[in-house]
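Consider the two complexes below, in which subunit A is the common component and subunit B and subunit C are the respective partners.
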Partner chain A sequence: MTRNKKWIAIFLLPGVALFAYIFLASLLVLITTSFTDWTIAGKLSFIGIKNYVDLFTADKGYLTALKNTIVWIFLQSTIHVLFGTMVALILAKKHWYSNAMRTVFFIPNIISSAALGMLFLCILNPQFGLINNLIKKINGDFNVNWFMDPKTAFLSVTLTWLPYAGLVTILVISEMSSISDEIIEAAKVDGATPLQADLYIVLPLMRNIIGTSTVLAATSMLQKLDIIMMTTSGGPGVRTMNMPMYLYQTVFSNNNFGLANAQGVLLILLGVLSLVIIRKLYRMDDED
Partner chain B sequence: MKRKTERVLAALMAATMLAGCGATSKTEKTEEIPAEAQETALSDSADESSDGPVEISYATFMVGSHASAEAETEVINAFNEQYEGKIKVVVEELPSDDAYVDKMKVLAASKSLPDVLIGKNGIRELAIENGQATDIKPYLDEDAEWMKYVGEGAASYNTTEDGKIYSISNQRQLIGYFYNKEMFDAVGITPAKTWDEFMENNKKLKDAGYTPLSLMTGENCWTTNLLLGAYVGTDGDEGNKFMNTFYPESYNTDSMVNGLEMIKTCLTDYSTPDAVGAIYANAANSFEQGQTAMIPNGPWMCPDFTDETKSLPGFGDKVGVALYPGDGLFTQYEVGYILCTEGKSDAEKAAALEFLKFKTGAYAQSVFLEKAGVLPLTENVALSDEYKAANPLLVDLIEQSANAKYTFGNFDNQAYSSVMDEFAVSYPELVYGEISAADMAQNLTDAIAKNK
Partner chain C sequence: MTKYIKKTMVAALMLFIILIALTPFIWVFMASFKTNAEILSGTIGLPKVLHVQNYVTAFKLAPLVTFYKNSIIVGIVATLLNLIVCSMAAYVVVRCDFKAKGLVTLIFSIGLIVPAAALLQPLYTTLQASHLYNTLTGLILVYTAIGMPTTFYVMVSYIRTIPFTLEEAAYIDGCGFARTFFTIVLPITRPAFATAGVIQFLLAWNEFQFALTLTGETSKRTLPIALYYFKSAFASDYGAMFAATVVVITPSILIFILLQKQIISGLAAGSVKG
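And then the complex of A and B:
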């Protein structure tokens, strides 16, 4: 046993060392420098919590970015996961189209975000875009600049990721295949309709994987940068600004590393908070 | 306690940066080397070192489909060939202007900028601030042949208040606007002499079924901001002074507000439906495909007009070039190349300087003129008759430039990055009536404070 422990420690050591070197050290630097005034070429000076105070009191743009990020986390954790799960329940029934649909539904997840952004820019282009031209054919004169009109920008950006729940579908379908047919058969014998079997037997058994999918969906919103950069750059004004985009601009446009690192710390905290809430809601730590 | 905290933080930062960036710069501090010693330093280094030629690093965004990619490759290859065995340029290619600027800013933070690079979008200022940039003036003063091709204009453009020169321009810019002669003839108009006439022309073109302007507010709002800059730059002495000011402290001026009002009208009534949010490619494509009548842009666009993969067949013959209303013209030098060799060895300094001279010398300027339509810094690099015959638009613009009453710089070179970002997100709000022109001017002014 002691010998085993020694080997376990030896095998774990490279991983732990790498983690400490790459993540822990970076995290430490991130946190400590968030309390400094640090510009790209300037000297570092300690300023206490001023960066954090400024973000919440003197920066309306950041508050909008924070609000938008929270809204997108909520939408992704609910509508996106719900949609993915519903598609999984339909496709798991093994219809003639199930395999083909599963592949088609997953396609947006294998396209890079930047390419997807470009695709949506073309589809929603007010001059030659598919959507506007389709509506023009039906309705005659129609001209909406989907990404740039303040009334439609938020919705347009949201629709570039909200419906594409292929990953959720794949995860849920995989988990469903582990449910014994006997359980479903027993429910049918007891008179359960297919909908009742899904609602009262399948879904409760899927709790953990749906919880995991929700975590993945929610945290993906903390990384959304490329699509926003490709489509709106956070505009009009700050209507589609999120925390990663704001952080990016703080570093590369404003050259303010200290303030950007404070935003980085808050981004991590929001991630941790989302994780804790989702785990609590789905009782992911509880035994069934 | 505070000092202690600072030291701990500084030590942490230093350790992480050293480990993370893996910079290989030598820390040997040397004095400036006189011109006559440079060749010696180079040849000594090549003779004594068994490691081969002196390697210098160079970063570029002129790669791939960039208009100057072919010229860039030719110049670098020619240098490596000429200095084979003595100097080798190790090129880092960045796929776009944005990627280049972002990467260089990160490298500036860790004091590991390449030996030679273009210092645009504030990179030069960062290199000066972090101590990597070398004052090039002494070398320029010592080398009359080099100075002949750099010219007084470019040298004084890049001279700082304390008399130092930290960059050598890579090009001179003359930017007017191109127009579709066929459309102008059909409507019976000529390039406008005043801004009122300009707007009347727009109306006539629109009434005749043409879209007057190729504008765009995505990326750096290039064509839209050229029009705005031209309006402000020709709006009396005040406006002209503003457009010749680097990093202005406020955008709350009458010229700016009036200019933004005009731009709002142009974007709303006289441009393509996708102008708000469009990128440069959309605007250029609209003009080159004969869908719009005018596009503000520089002469580097000229080769596209005869390129049938980009423009309609025979389109080159339909294009004219004009000064902006009020006889205004963007005339300025680019920031150009900086030398980041402070703290490097004599051999590396000499090699990097040699490369800088080559990149800004007569040969490189000729190649960039022929292959990329980039105007040379001085008239000492002459335009051949053959070139003039093949590029009548450029010749026309050069001739018209003599009649320019107002000359000025553009926002891209003179505004902070944070202000440029603000332009892109404020234009849609302006066009859709969420903010007024005065509000937008205030937003731009507020964005100045964000820049560090």
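And then the complex of A and C:
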């Protein structure tokens, strides 16, 4: 067979060109202009790390966005992963409802998250939403504006992300199918209850996929612009502001491109940091 | 006794999942057939009469047909392009020896490390500079690139499982490199194409952020934007808003129910490298 250099180059070219156009060019723009003063009207001028300093010292909104994003990363990579894994352990067994429930839990993961945001906006609507009208049947005076009340907004937005635990469930179940039945049978013969088998045999074997799910869950919190835009737009005030939403506003409302790109750089760094920490915690770099 | 407690807990958990994952869909579906007055009075049950008018209004208020058409074009072209680009690279990476292999793998994985929101402003600038802002072509290229990691990994792991003997026979018969790839290898990789293709199609179909920021005119918008459109512009006609929501999410759900196996195996394969 001809290991022809020409053909190797030709086959790689489209992908590399696309990478250069979409990612490389953007990353260069992102990093270089994050050190400049660049607004829609003005010319670019180099200002060193002023954008970064401003974000951390002069910008209360950004600090809230950063704090919220970190809190959500934490919640998503602990509670949601735990929830998804627990459901996986139940649905991996052959109950009459297992297949149906897997489908149900995964459906919110497959639709546009803008649409999911819309669904939550509707069922939590204070006037005609399902939740309030159900509660009103018991307590007639009940009236909470879930997404707009500063007391409930953060919790409500957090709730909209719970269905995404379905991805964890699906990934863990698909990994569990690779465990041979013999191991589980052997444990049963030795007198292990199903719960013991899950805890001491299945879960340790799932370490890598749970780690991967945690990485996905954590980094997904750096992308959540759509649901926020559909539900609260970061409000009330900046109560539910996250980093992507704040970045969006910096670009399209304030037209401060340099400042926005400094936020973009920090967003990437936070992603890499989460990735490194989670991989360490799950010892994912160890060979099994 | 403990058995009953366990059963009750499992039942409660399942009920909770149904509540957060299924109830919103059923409720909005039912509400999409109610009149505005019925919705505002906060009724929970089935609609009194099937008020199909909402769907007509939805199509009148928002240019849903245009959005649908754009979504189909963007979805199909971005999927085909992504599959071709990634399978060619994956084939070379699996079958050929060259020094820059690690670099190529990195290039195809970069999308996993960079959150899309970070590229909001730079991509806007890049596309405007190359006159692809507000075009379907621009969106197609962006979606093709974003979907590269998953497709690349799915293709690499599938091509690894193909025995080399088939290609060898083709080469001995005098078949060239490109022809071997397109006529021998590609037909065998059909299952991987299906897996990666569905995921890529759903990505393009559902994407919101770039659809919003990289297009400016209604004639170039895709479906997820329709809901944003409704939320801001026609916030008072709830029946139509619900109808539009149903219209937007139904294709994704149908695709999932029909191609569940491919989607799940694709997500599993694509996530492992994450």
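Observations, loosely collected:
Methods note: the second predicted complex is superposed on the first by the 265 of 288 C-alpha atoms of A that agree within 3 Å, B and C clash if a C-alpha of one lies under 4 Å from a C-alpha of the other, contacts with A are read in each partner's own complex, and residues count from 1 in each chain.
In the analysis below, a contact is a pair of C-beta atoms (placed from the backbone, for glycine too) under 8 Å apart; a residue touches a chain by one contact, two chains touch by 3 or more.
Fair warning: this is a prediction, and the values are worked out from it, not measured in the lab.
In the model built by aligning both structures on subunit A, subunit B clashes with subunit C.
When both complexes are overlaid on chain A, the residue A:L119 reaches subunit C alone and has no touch with subunit B. Judged by the touch definition given at the top, the superposed model places A:L267 against subunit C, while subunit B stays out of reach.
Taking subunit A as the reference, the larger set of touched residues comes from C, when subunit B and subunit C are compared. When the two structures are aligned on the shared chain, A:N68 is found in touch with neither subunit B nor subunit C. When the shared chain is aligned, subunit C comes close enough to touch A:V87, but subunit B does not.
Contacts of A:N143 after superposition: subunit B is touched, whereas subunit C is not reached. By the document's definition of touching, both partners, subunit B and subunit C, reach A:V29.
In the superposed pair of complexes, A:W7 makes contact with subunit C only, with no contact to subunit B. When the two complexes are overlaid on their common chain A, residue A:Q127 makes contact with subunit B and with subunit C alike.
In the superposition on chain A, A:T214 makes contact with neither subunit B nor subunit C. Comparing the two interfaces of subunit A, the one with subunit B and the one with subunit C have residues 21, 25-26, 29, 33, 127-128, 251-252, 257 in common. Put simply, subunit C touches subunit A in their complex at residues 10, 13-14, 17-18, 20-25, 27-28, 31, 39-44, 84-86, 88-89, 91-92, 96-98, 104, 107-108, 110-111, 113-126, 130, 141-142, 144-146, 148, 152, 167-168, 171, 177-178, 181, 202, 205-209, 212-213, 223-225, 227-228, 231, 238, 241-242, 245, 248-249, 252-253, 255-257, 260, 263-265, 267-268, 271-272, 274. The residues of subunit A lying in touch with subunit B in their complex are 21, 25-26, 28-29, 32-33, 36, 39-42, 44-46, 125-128, 143, 145, 147-151, 153, 232-238, 249-257.
By the touch rule above, subunit A contacts subunit C in their complex via residues 1-5, 7-8, 10-12, 14-16, 18-19, 21-23, 25-27, 29-30, 33, 86-87, 90, 97, 101, 103-108, 110-123, 127-130, 132-134, 136, 159, 162-163, 166-167, 170-171, 174-175, 209, 212-213, 215-216, 219, 222-223, 225-226, 229-230, 243-244, 247-248, 251-252, 257, 260-261, 264-265, 267-268, 271-272, 275. Remark: subunit B residues 2, 5-6, 8-10, 12-13, 16, 19, 101-102, 105, 108-109, 122, 125-127, 129-130, 217-218, 272-274, 276-277, 282, 416-418, 420-421, 424-426, 428-429, 431-432, 434-435, 450-452 touch subunit A in the complex.
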